[in-house]
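The structures considered in this document are given below.
Next, two complexes with chain A in common: one pairs it with chain B, the other with chain C.
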Partner chain A sequence: MNLTRSAWMAALLTALIAPVATAVAGEQIVPVQNCTWCHGTSAQGYAMAPRLAGQRPAYLETQLNSFREHFRDAPLSKQYMWSATAALGPQAARDLAAYFSTIPPRAANDGNTNLATMGRTIYMNGIPDANIAACYACHGPNAEGIRDIPRLGGLSRFYLKARLEQWGQGYHSVPGSPMPLVARPLASAEIEALASYLSFVK
Partner chain B sequence: MSSFGSCLTMIRAAILAAALSMSLPVASRAGELQAKLDYCKTCHGLSGQGYRGYFPMPRLAGQQQEYLENQLRAFVERRRINPIMANVAHALSPSMVSGLSSHFQHLNPKPIGGAPSHSSPAGRQIFNEGLPEANVPACSACHGSDGHGQNEIPRLAGQLYEYMVGQLTGWSKVRGQGTSVDTSAVMAPTAHNMSRSQIEAVAAYVSTLP
Partner chain C sequence: MRDRRSDPMWTKGGVAAAMAIFAAVVQLVMIGGSTPASALPSFARQTGQPCGTCHTSFPGLTPFGRRFKLLGYTTGGGLYKTTPFGNNNGPQEAYAALRSYANRMDSGGDTQPAASSGERGWVPPISMMAIAGFTHTQADIPAPSDPYRPNDNAVLTPFSGFWGGAITSNIGAFAQVTYNAPDPVSGLSGTPADKFLHTWTWDNTDVRFASTTRIGPLDIIYGITANNNPTVQDLWNTTPAWTFPYAVSNLGSTPGASTMIEGAFAAHVVGVGAYTMINDMLYLEATGYQTLRFTQQNSLGVDPFGAPGQFSAVAPYWRVALEPHWGPHTFMFGTYGMIFNVNPWIDSTFVQGTTGVLGIADRFTDVGFDSQYQYQGSNYWITLRANYLREFQQLNASFPTGASANPNNLLNTLRLTGEVTFGGDDRFALTGQYFKVWGTPDANLYSVGGGFANNSPNSSGWMAELDYIPFGMGKAPGWPWFNAKIGLQYVYYNKFNGTTLGAQDNNTVFLHAWFAM
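Then we have the complex of A and B:
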């Protein structure tokens, strides 16, 4: 996305959110169009905005709060999600999270098929000699997630790769997350393989 | 004087070389231990307090060193079946096993909590007095009145509720799988003789002990 487009988006966003925010004192209703505008009409992800459909509601809710508190601080988070959540109350965050979690997710299928087998091996077994933890232990056998641990299956290769790189670069997601330690020993070939494998998981 | 001086220089150089050749492996061994500890803590909690992933990962903090070492060997020897820990334990040298175990024994974070609290009064009674009619001895007899265990008998205090319920309800499917009898046999009859609700009650109680 170039600068003009994002400036234009930000302006539109303010226009969309501001009237709603002032309409009701305290908790306001946020139309999902404010979100699907970037995340795709059925929330399957679009360009840099990840899929929200089928994601664990408790995970979506903690991330929305983390954007609002400016704790989740990667460049695209700052650029897009800080303003998108600025006027989002806790109840609105919970409602949006519940809504998006009920939409059936579709797999992005945009990985490199030649790397999928290697990715699956790392996902299931880790690489104990290199201190790489088995993702399976937390994200589940089918990468479906549980409670506030996210579903990874079918997210886009681009998004998965960026997330795994950003923990290694020192960006934050939520307080007390195990992911910085998980990501630190991952080499770029391993990140590529994991992101490829996961993009195909249904 | 000058020969004494050059002699000193030579001695210094020798000491320095010796110190260097010793300190390098020591430093890298310490680095290896730290990296391995970080790895264990990704799953077992950043202070070893346990963690709820897709599977419950037990608390290792304050655990008896002998118990930890025995279980890590049990995973490798397939006396105890768990695919995740079998992989993890295979990659550990004996000196790494004792370094990790002694580190975890000395940690003391608060219990992680999260157990249902309503059943724990019944659990307290099972822990201290057992269930004589069901042939269940008092847990405190072996695990200690504070639940801290000793040697090969594990600490139960502050252990994750879901983890303990899982172990006690599935005891003989997971533990004591080798051909020879091991320490898991000591615990087997007690695990068998408790009902699911008695297991839940006692697990809820001990999970809150500091």
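Then we have the complex of A and C:
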């Protein structure tokens, strides 16, 4: 019995000491964990939190600053990101943006495949009759984005849909964004189709 | 008017608890700040997030609350420094490491060290909690009810102090010390063993190491947990340690039979285990538990005779859970279990003055199946939980000694819970639960003397609770780390300890105010 207990205590002590040693020896980038907490272990998105991996660094940086200044004001932004960026300096925002932009993105693939063709048509051609511009013009042929125009390809259907809807609901992103004007005329079926199509784009 | 000296709320322990609350409040007021409140306010200071990021109706967890726990309580992001260690793994150094990485990637930018602006110093992650409750039971407490009145009592219990937060960037702890008001005299055993009853005790404790890595296409979170209560480390509020009801009256009756994993050995054991979450979806854990020695338990404020005995070997615990999730939907399908080999006490009444255990052991194999669905709406949460436990009892010690009438028994418990939480601040939560305990009749285990009828462990009933939480997303004016929950709970029994006859006498109304700061 005593031997068992001694062995047990030894195992307990080893288990407690080993991680301390690892923690001291290992290089941990703490602020990254503060993001991946919600955005997924490799920042590919988790539940309602969008994918950050592979996003345009300039876009990530401007959005982080926009959250911090309480300009980006959709409900989930207010709920989570205002607090998350309250203590985040501009340089740290730039560094985090640079870090996440280098992680290879994976497509969410969670859209409705039946709507993907219609979504692709809207994305590439817009809807001229409704005066809706082609998304392709700014976000690129592969929805990869450029500078502070975000990569949309492979983001989750839920996130894309929520964002497209929010443009018409009066929420803000960054000063001077053309999106409220561009996206407001989109009907809900068109939003659903775009979100579905984009979720499959690699 | 009632005499305060005889009011249980103002027992010696209660006064000590109230003074401790006051002293701690005074101490923490000195820190100041404007961080939103949380269920465990030290977690809010650390993360900068309000209560509602991690909790629906605390301590019930959201997907992000589960991930915070999974990552070892170490995630920061608040105004305060996350860990006490400034020389390694602190935020400044971590930001510098990130800056260096960013420079390598973009070959440009200035090289000044990045700093989180406005960061303040480290504050010990200490929190407190108190529950003041009013209890009405359908039938009076059996006499003698001292130090309580026969019915309609207001009692301050429990009161807890916590250490909750990061120690290093990989190690964090949730550790609780609790004051529990004493039982009514009629609820005591009336034997010499009563001298091992305590009011102050170590309570739920979970110390973790967590880290992340990547193996091929797999994102891996892995960690080690050292804890004192099987399932206290679990992420879902389906398993026993953190299941609804979160607060119960110390004066209400609860069914006499339950499986071992439902808290029989809580705080009587220590366990160390390893866990992993693969691709943010598949959770695996294996942990081994051993009972603390009699004197160790007693020194920690735990009555050793409160558990059925001592383990004869390390008790293995396992857990597998699959959590598919998309957008606002999160599912979980899981199974867990534990095997207990328990040497029963030779004399749990302590009449013979021995703290020894029998040389033979009972074996309890508990297997659980649980499931959860959680939906995050624009301003509300819907959570459905199910938990089924089946216990296979091989009573190799209890049967020969006559403690049980059968060599083998089965015992099952079921809880089906639905919760709707509505609102950010001024949040309301409505929770309903159906519960059932059923198993093999046993003339000795479930005897009339033990409070059972028909030799049956069976109980079933319903529970409903309406809660009001003032600060789900914001902060309390003047004291940002304060939060509260006002709860009205009603427990209705269809069957209690083997009979429907008089079962409703145990129905309980529990109006409580839960304070966290």
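Going forward, the second predicted complex is superposed on the first by the 172 of 202 C-alpha atoms of A that agree within 3 Å, B and C clash if a C-alpha of one lies under 4 Å from a C-alpha of the other, contacts with A are read in each partner's own complex, and residues count from 1 in each chain.
Just so we're on the same page, contacts are C-beta pairs under 8 Å (C-beta built on N, C-alpha and C of every residue); 3 or more make two chains touch, one makes a residue touch a chain.
In this text, all values refer to a predicted model and were calculated from it rather than measured experimentally.
Peer 1: Mind working out whether A:P128 is in touch with chain B, chain C, both or neither, as first, second, both or neither?
Peer 2: Only chain B; A:P128 stays clear of chain C.
Peer 1: Mind working out whether A:V182 is in touch with chain B, chain C, both or neither, as first, second, both or neither?
Peer 2: In the superposition, A:V182 contacts chain B only.
Peer 1: Could you tell me if A:V174 is touching chain B, chain C, both of them or neither one (first, second, both, neither)?
Peer 2: Neither chain B nor chain C is touched by A:V174.
Peer 1: May I ask you to decide whether A:P75 touches chain B, chain C, both, or neither, giving the answer as first, second, both or neither?
Peer 2: The second partner, chain C, only.
Peer 1: Should A:C138 be classified as contacting the first partner (chain B), the second (chain C), both, or neither?
Peer 2: first
Peer 1: With the two complexes superposed on chain A, say which partner A:T41 touches: chain B (first), chain C (second), both, or neither.
Peer 2: Second partner only.
Peer 1: By residue count, is chain A touched more by chain B or by chain C?
Peer 2: So, of the two partners, C touches more residues of chain A.
Peer 1: In the overlay, answer first, second, both or neither for which of chain B and chain C A:M118 touches.
Peer 2: neither
Peer 1: Is A:I146 contacted by the first partner chain B, the second partner chain C, both or neither?
Peer 2: In the superposition, A:I146 contacts chain B only.
Peer 1: Answer with first, second, both or neither: which of chain B and chain C does A:T102 touch in the superposed model?
Peer 2: A:T102 sits against chain C, while chain B stays out of touch.
Peer 1: Taking the stated contact definition, name every residue in chain A that is touched by chain B in one complex and by chain C in the other, in rising order.
Peer 2: none
Peer 1: Quick one: in the complex, what on chain A touches chain C?
Peer 2: Against chain C, the touching part of chain A is residues 4-5, 8, 11-12, 15-16, 18-20, 22-24, 26-34, 36-38, 40-42, 44, 46-49, 57, 75, 79-80, 83-84, 86-92, 94-96, 98-99, 101-102, 110, 156-159.
Peer 1: Taking the touch rule as given, give the residues of chain A at its contact with chain B in the complex, in rising order.
Peer 2: By the definition above, chain A touches chain B via 125-126, 128-129, 131-134, 136-141, 145-147, 149, 176, 178, 181-182, 184-185.
Peer 1: Which residues, counting only chain B, touch chain A once they are in their complex?
Peer 2: Counting only chain B, the residues touching chain A are 35-36, 38-39, 41-43, 46, 51-55, 57, 84, 87-88, 90-91.
Peer 1: Spell out the residues on chain C that touch chain A in their complex, using ranges where they run on.
Peer 2: 36, 47-50, 52-53, 63-64, 67-68, 71, 74-79, 82, 88-91, 94-95, 97-99, 101-102, 105-106, 109-110, 112, 114-119, 168-171, 207, 209, 211-212, 214, 219-221, 224, 226, 270, 272, 277, 279-280, 288, 290, 293, 313-314, 325-328, 330, 376, 378-379, 424, 473
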